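Scrolling down, you'll hit the structures one after another.
Shared chain: subunit A. Partners: subunit B in the first complex, subunit C in the second.
Take a look at the complex of A and B:
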């Protein structure tokens, strides 16, 4: 079975889905992500679904569940890169992603996490690795 | 009922006395066409058609107008109807020129047709009527395909997505919104959001003549889909009477921002993007 990789970037976990999800892959992702959030203490989860072309009600629900799980573990989820066809399908199915935040692409998603949560993400990696605190403390 | 095509039956006359019947037919058709087409043209059209028709009349039984034997004749009729329609003839004129075959056939039978020939003629007449209707149908079909392609073009024409500013796109909607159009608007808007990486969209309904619950439903769906993709929509161009209709129908736009004018909506999006528009220094206030 294929697995979706979960990458850690500072305080943010990046999940990039580049193929259409089968049900068990989606469920495995949900479990992996919960483990990773606890293990890494991440505060934000960025789910990039730009490679996803097809959704059904099950996958839609899994995304809502992923976000809810992350929220219970005190991490904010941002779903980015949703394709128009996927958005239309979700609306037609009457599914919402709950209170999940959305953004057009990874960059804008990271900006939301940084701005609204003060999270250190990709751009601050240098600062993190060199042991410095968040950039706002330097200025 | 099977009709025997005996030596003197109408069908036999049509089959055997080609030139005589064809002359009568061309004459009758020209009378119906009222000088729109030349005699040579009509003659060449009708003689081809006549031969195709006779080819279908080989058996002893009079074929049905939908029979396979008359495939060629029907194709020719369809073609005839199209060329005539292009020349500006009404479908009635084209049909009348087909019906002229009946008179031509009857007069070729002779001054005093027998009762049997009359019965026979009735059958033949029914066949010609059906063939005349083929031209009518071809005309209607040609018209319908024109209308359908125009509707498609209209759909494309009336839903442009324009970029107003970096990160701001607008859809000026013109005309009545139905499910098909909303679908196109929705797809185009969402594609444009992705393409231009715009986080804000303005749906301007100044050109929408009426808003009912269904239109509102369509708009809401579009906005929810845009939100799922990470973009925010504003509805602008709500005229006073539309606002009253919306309230009267009890339509709830929830937390969706609505503005009276497109300029208000643009101002708001710019302000949200952190941009101020200020007069240049030295300009008259």
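Take a look at the complex of A and C:
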């Protein structure tokens, strides 16, 4: 079975889903994330679904369960990168993602985590993305 | 009344017996939806509906098959998927089409939600014999 890689960036766990998920792979991701939140003490989870061509009721429920599990483990989840056609379809399907927070892209998702939790990784990454982290010779 | 479409790919039957088959149905549905010249949003709705129905076939029907085809009503093209299982059947179709109603552990959106995503939706079920669900999505 394929597994979705989970990257640790400071206090944030970053998941980028790049292939169509079998149901079992989605459930394994949910379990992996719970383990890694506990093992790493991560305070934020960022799930990038820009690679997903569809979100059906099963995978949608897995996202809601991931966010609920993370919340119980004192971590906040943001799902980012949903394609417009996927968003339109979810509304017709009648699927509510419950309390799952969403943002348009990784950068905005990290900003939410930084604002709400003051996360170190989010601050570092935001600095990198704005080009402010390079050492400045002139001080 | 629909007819087959010259130049379109021939109808294809796929087994639905495991998780990975649900993914294969999604991929095949995408191919047929593109052949039927559906827009990206229409493709996404058709693929999502097929995913829900394929999972229903697997989980509630104990497995079965799907037949995919490009169809035409003379004015426009569409894609049709016909899911067949030989499971327990649906005792009360009207109830099964209510949002949130489920015999399993799901959200109960499989049938009701997929019906909203497509243009035509038919259920033929015989308790104890099995169920056939047919969906059609037209290109606008």
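Here are some notes:
Heads up, the rule we're going with is that the second predicted complex is superposed on the first by the 122 of 139 C-alpha atoms of A that agree within 3 Å, B and C clash if a C-alpha of one lies under 4 Å from a C-alpha of the other, contacts with A are read in each partner's own complex, and residues count from 1 in each chain.
Following the convention adopted for this analysis, a contact is a pair of C-beta atoms (placed from the backbone, for glycine too) under 8 Å apart; a residue touches a chain by one contact, two chains touch by 3 or more.
For clarity, every value in this text was computed on a predicted model and none was experimentally measured.
When both complexes are superposed on subunit A, subunit B and subunit C end up sitting side by side without clashing.
Once chain A of one complex is fitted onto chain A of the other, the partner contacts of A:72 are absent, as it touches neither subunit B nor subunit C. After overlaying the two complexes on the shared chain, residue contacts for A:24 are found with subunit C alone; subunit B is out of touch.
Once the two complexes are overlaid on the shared chain, A:88 sits against subunit B and subunit C alike. Judged by the touch definition given at the top, the superposed model places A:57 against subunit C, while subunit B stays out of reach.
Shared-chain residue A:80: touches subunit B; no touch with subunit C. In the superposition on chain A, A:103 makes contact with subunit B only, while subunit C stays out of contact range.
Of the two partner chains placed by the overlay, neither subunit B nor subunit C lies in contact with A:7. Taking every C-alpha of subunit B against every C-alpha of subunit C after the fit on chain A, the minimum distance is 7 Å.
Of the residues of subunit A, those at positions 83-84, 86, 88, 92 touch subunit B in one of the two structures and subunit C in the other. On subunit A, the positions that touch subunit B within their shared complex are 79-80, 82-84, 86-88, 90-92, 96-97, 101-105, 108-109.
Across the interface of their complex, subunit C is touched by residues 20-24, 53-58, 60-61, 83-86, 88-89, 92-95 of subunit A. Subunit C contributes residues 19-20, 22-23, 26-27, 30, 40-41, 43-45, 47-48, 51-52, 55, 99, 106-107, 109-110, 112-114, 116-117 to its touches with subunit A in the complex.
Every residue of subunit B that touches subunit A in the complex is listed here, in rising order: 186-187, 190-191, 193-194, 197-199, 221, 224-231.
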